[in-house]
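The letters A, B, C, D, E and F name the chains in turn, as written, and every chain counts its residues from 1.
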Amino acid sequence: MEINLIAESVKFLILGMSTVFMFLVLMVFVLELQSKIIMKFFPPKKEEDSTACNSTSELSRNGNLAVVAAIAASLKSYKQSK
Amino acid sequence: MEINLIAESVKFLILGMSTVFMFLVLMVFVLELQSKIIMKFFPPKKEEDSTACNSTSELSRNGNLAVVAAIAASLKSYKQSK
Amino acid sequence: MEINLIAESVKFLILGMSTVFMFLVLMVFVLELQSKIIMKFFPPKKEEDSTACNSTSELSRNGNLAVVAAIAASLKSYKQSK
Amino acid sequence: MKKMILQLLLVLSLGTYLCASDGIKENKNQEYKSKSVSELFGSLYESTGLNAFLSPKEGEVSHGVVVSTFNQSGGRLIMMAICFALFYLAIAKGFEPLLLIPIAFGGFLANIPIADIAGPEGFLGILFNMGVSTGLFPLLIFMGVGAMTDFGPLLANPKTALLGGAAQFGIFGTIVGAAFLSQYTGFIDFSLKEAAAIGIIGGADGPTSIFVASRLAPDLLGAIAVAAYSYMALVPIIQPPIMRALTTKEERQIKMEQLREVSKLEKILFPITVMVLCVLLLPDATPLVGALAFGNFVKESGVAKRLSETMENSLINIVTIFLGLSVGSKLASEKFLVPETLGIIVLGLVAFAMGTAGGVIMAKIMNKFSKHKVNPLIGSAGVSAVPMAARVSNKEGMKENPSNMLLMHAMGPNVAGVIGSAVAAGILLSIFK
Amino acid sequence: MKKMILQLLLVLSLGTYLCASDGIKENKNQEYKSKSVSELFGSLYESTGLNAFLSPKEGEVSHGVVVSTFNQSGGRLIMMAICFALFYLAIAKGFEPLLLIPIAFGGFLANIPIADIAGPEGFLGILFNMGVSTGLFPLLIFMGVGAMTDFGPLLANPKTALLGGAAQFGIFGTIVGAAFLSQYTGFIDFSLKEAAAIGIIGGADGPTSIFVASRLAPDLLGAIAVAAYSYMALVPIIQPPIMRALTTKEERQIKMEQLREVSKLEKILFPITVMVLCVLLLPDATPLVGALAFGNFVKESGVAKRLSETMENSLINIVTIFLGLSVGSKLASEKFLVPETLGIIVLGLVAFAMGTAGGVIMAKIMNKFSKHKVNPLIGSAGVSAVPMAARVSNKEGMKENPSNMLLMHAMGPNVAGVIGSAVAAGILLSIFK
Amino acid sequence: MKKMILQLLLVLSLGTYLCASDGIKENKNQEYKSKSVSELFGSLYESTGLNAFLSPKEGEVSHGVVVSTFNQSGGRLIMMAICFALFYLAIAKGFEPLLLIPIAFGGFLANIPIADIAGPEGFLGILFNMGVSTGLFPLLIFMGVGAMTDFGPLLANPKTALLGGAAQFGIFGTIVGAAFLSQYTGFIDFSLKEAAAIGIIGGADGPTSIFVASRLAPDLLGAIAVAAYSYMALVPIIQPPIMRALTTKEERQIKMEQLREVSKLEKILFPITVMVLCVLLLPDATPLVGALAFGNFVKESGVAKRLSETMENSLINIVTIFLGLSVGSKLASEKFLVPETLGIIVLGLVAFAMGTAGGVIMAKIMNKFSKHKVNPLIGSAGVSAVPMAARVSNKEGMKENPSNMLLMHAMGPNVAGVIGSAVAAGILLSIFK
């Protein structure tokens, strides 16, 4: 049986776009619901301190503690000299 | 033939624990002997200098020589300013 | 048929060395030609600035910007104190 | 030290003496046929590439298939020239060099006569069978992409995901286009499977394209991957005219509200939520979406930094090298120099254009129904091509109003487009299962 | 740039023209059967997870085995819930996240209907066959562990190794327990091989457990690995009550002499010495002990830093991702939701408890025969679970006397426990060879 | 937390209850035969290495071949001693530790009785089949070498490439030597293929040697690799006497003009140029040259730093570990303790000596025909052994004139030697195809 390629592909277009949209609309709906629930029951705490921490931890992850120590020492000796 | 699982597993317990201990007792014995031999014939040299070196080499391994140089420069310029 | 190993291997020697040389002589010739063409039509620009840049970019690649910033800050505060 | 070596030799002599009786002399060279020096040079010449290009042989088998004499000589030279052109574009023009360089180098290697590097025993063929046929490499890349992607902008404004949905029109519209070409041109003949594999170029996502093409149309893989990455690199040229043609000056100046902050918990839950939806609606998309979600989940969890850093660095880099070379192996002339390739190149451009238009038009439709206006310039970012397409949106927006920063707003549809394409891929894989 | 692309298209046109004669039109869609739009939506619905959960089919094959209807629907949902619980424990409670996150994600993927991700052609199945069936992944992890471990504390006080030996009572005692359950309960039926694989949980060593289980009882692998890692994370909860119950206040306050310094040469020779003993006494343990010794030898040799750093970083990270996902693939409902799993969970706890008790009691026995007193709190560290168990010893010690730092003393039995478990694994593998 | 675990157990109980009907009790231990405790100890003793060494059995199969009783006992001990000697050389003397440590450890593991670690199901065997039989590992190493190598000094003075050509006399001369040994000694019998594989030691390039040997003489691979790396480490001892013997004091004092600067474009084009030549003249060398050129091209392109850094770090390190262990698996006594090994060791030394001489003499010949004098001390660097041989040239030059820095001049022939050996490898592979 000869298949009409165009007819078939138009069907795919309909199937595909409606499924993609169904998926994403549902996702939008769930995400907004989820966001409301989280905002209400698990409001995020202020994290300023944690970010300050973070940049230090990033340094230490690179194994640069020695460098940090050297800088600290240099700053300290500078301050003492004042 | 029906196997008595408990009897078998108790045999494994005996076999296993005695072999593990045999292995470890032998290991303890060999390690202590080895340690004595090494202490006598290959006493470790003082390695203070080498450890000092090491921390530098660790820095350089991370390709941070430029940073080290910068620190050195900053310290030096500080000292000169005194 | 018995093969005379030495005769065969001498043939390989002749084949191999002449091919290796043919390849490399050709390579030398092409490289010199190529170099002349490049020098004439695509002369390299001065790249001093770019190399200066490079060492900085190398630092940043290692994610050490924070360190660089710290050094910069330490130098700056030192200068200000003068 | 010399003493040590002497001792070693001594020990060896002893050993060999003890078992010397094993060494019975026998004729080990039976396979080898003696040749004169001129015969040796002759057969060496016969195995040069020069000879292979100059005198192609009828019925020569390469990479497991018979190759026409044209594809043995001129075809290979054309392919090498194309690979060199890709090198030029990657290096001088900055076209997606991370993938185009390995792909083009793989293509160059695959077109070397005699060596059969892309054949089942060549190293490109081995890499291909190990990671592309199995689907492993694109999924590992997707893990790394997940570990690198911040879905925050999407979470801050979820409805922009719809723009990423509309951009998938590029995929399905192109399938229709491919069917059209097959039906009405005399020399291009795509099967439906092949049409679907070509359409996925419109997803503007390398790993998704490669994953789908390796399943639906492995012989077109090279052309599809090259088209996908090339057009991704060309996004700054393809998209702006379409974006400007479909929008008014006022629309392009729309300012969007600042994005709210997204909590850590939302980010952690996001990959799981997407997975659950995907499991319920479209399990066939779960390998792709799952890999992406895994990478993102490990990253956002924050408790396994070692793993997420590995996924976005050494692992993705290693796999990128292997994937690029493997995909390049499909640029062998006998696979690439077919009329279908021309169709793929044309259709790939169509796919990007339709995806862009889809996203922009969807934004205009949304503005009809919502009071929170969306700048339609961010619609084009729905095609993915992360983060290039979002940058294009931003740049176009700043042309109209230098103070209008659209980048973060465009990242929402941009990352949604990745999910949208993976869903579309799942649908196509499901149809042809 | 446009010119370049036009030229590229031109070259292609030329190429395709030259071989256009190859493109004979034929019907390439023979496999494909046309469907109406509603049929397409219908068959898409049939391939949704929703449908798979709601209407499980008799005789459905997944991952190569027939799956009961319960395991197709409710079973999979229960497993997903368990995986989510593991996520929670890993992220919020810090339970061994480096392995539990990949394992639980793998488990989640393995329970997705239709996609068959853990099947022989799914990517989890491929990873499993590549690295777990062959034993490669756990051995590579062990190399990394070797490259990360400092055996110094053990070398400084070798006799503490005996504590690491006594803790293996957890392994063999649990095998008896498993046999007991099989003999006397109606619904749990472990073979001896399976009992041995469960016992190895008591080794408190992930790679060892996985290596042994993948050889002796592959179907129980998921449950065994999850139990092993979960109880390793629970060590700070499981051990202290047992430690306190078995020791007096005076014993817990024993101060140990400071450890002597260990020379570099001793550290270099240690892995070789252990290997030689292992070769002489128990070759079946040499793959595991050998991988550990190799990593440690490369590290201590100090002349191949590139390699040891790779083993303890990118290599172990990459393999951890792959291993976790692969192991997770055995959390598919049809493999996990069997009565045996309940037995494994109970027995795993028993194993940790017995191992802890074994180590503590051994320390007390040693104190009877030696004038160098050992604090029995370090005995519990003999179960491995490096370095968690040693930290627990330290913490309990400091509770009695804040100035009594036991950490380094506990590291001795801790690392000896790793070797002890590997030896025990060798014995079990040898019995069932 | 306890509550959580109880809930988990509850869920599990529910699940297991629901499908408890699956758990029909059956005899799962049919394979297992009960043994008394003393029988258990007896069979454990029989599976010890001690027993295997003391009472070797006729007809024992290891790694897929029957092993003589000598090779089961004394042979394995000799091999272990050799591996320990290699450890000593690598660690204490700095002999190429990055490769000799993994190789020697692999050799040690391969000689463990019973465990069969180098067999097809042991992990060394699996690694070998995965990466050495397929040729993948040496090629990946070569990619890394390419990404690490700067061909600038060669581009600045291309004619020094001829020195790297002349040094290949080491390869072909040694083949003649191997044929000589086979013809005229009673106990060594190399086939022509094996002779070729041995000759390649003279290339002084690890990956090339391994690639060729794995194709032409896999059974000799262990000895060839060990010889290649050992003599590469011994270059500072082997070369200087030959260099001094063949040159006059005046020649050694020749000062060379400073090298011109090489433009970025030249460096980018270089790998492509070499590849084109290789395609035209010797496609059989393209896998090796191609891998090297790929790594170098990615590096010099400068637009894919992520990839080149991965190739020269994590990727090459991981592959080095795997390659070393795999190659070591061929140090099993039954493969290594054959008279041929003695021949390989002698011939390897001959190969290095001839290569060195070839390079030096070529430099002297070139000086006869050119006004730009070349210091013949840089000729010896043509054997490759990058960068050790170039350093030797530099050191010898400075002995005569402390201000004469030859290092950069020697790097030209040094890297040309790598290409030269790859070309020679291609010729050999082409002859025996």
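Keep in mind that, in the parts below, contacts are C-beta pairs under 8 Å (C-beta built on N, C-alpha and C of every residue); 3 or more make two chains touch, one makes a residue touch a chain.
Remember, predicted model here, so these are calculated numbers, not experimental data.
Here A-E and B-E were compared by C-beta pairs in contact; the pair with more is B-E. In this entry, A-E is the pair from C-F, B-E or A-E that repeats the interface of C-D, since more than half of their contact pairs coincide by residue number. The chain with its Cα centroid farthest from the Cα centroid of chain F is A. On a Cα centroid basis, the chain most remote from chain E in this structure is C.
Chain D and chain E touch with mostly distinct residues; of the residue numbers seen at this interface, under half occur in both copies. With centres taken as mean Cα positions, chain F sits 29 Å from chain B.
Mean C-alpha positions place chain A and chain F at a centre distance of 44 Å. Taking each chain's centre as the average of its CA atoms, chain A and chain D sit 24 Å apart.
Counting partner chains per residue, chain D has residues 29, 32, 40, 44, 192, 281-282, 313-314, 427, 431 touching two or more of them. The residues of chain A that reach two or more other chains are 3-5, 8, 12, 15, 19, 62, 64, 67, 71, 74, 78, listed in rising order. Interface residues of chain C, counted against chain F in their complex, comprise 3-6, 8-10, 12-13, 15-17, 19-28, 30-32, 34-35, 38-39, 42-44, 61. On the chain F side of its complex with chain D, the touching residues are 68, 70-71, 74-75, 78, 81-82, 85, 88-89, 93, 134-136, 139, 143, 186-194, 237, 268, 272, 275, 279-284, 286-287, 290-291, 294, 297-298, 301-304, 306-307, 309-311, 313-315, 337-342, 345, 427, 430-433.
Note for the complex: chain B touches chain F at residues 1-5, 7-8, 11-12, 14-15, 19. Chain E contributes residues 155, 158-159, 161-162, 164-165, 168-169, 171-173, 175-176, 178-180, 182-183, 192, 195-196, 261, 263-266, 269-270, 273-274, 277-278, 281-282, 305, 416, 419-420, 423-424, 427-428, 431 to its touches with chain B in the complex. Looking at the complex, you find that chain D touches chain C at residues 27, 29, 32, 34-37, 40-41, 44.
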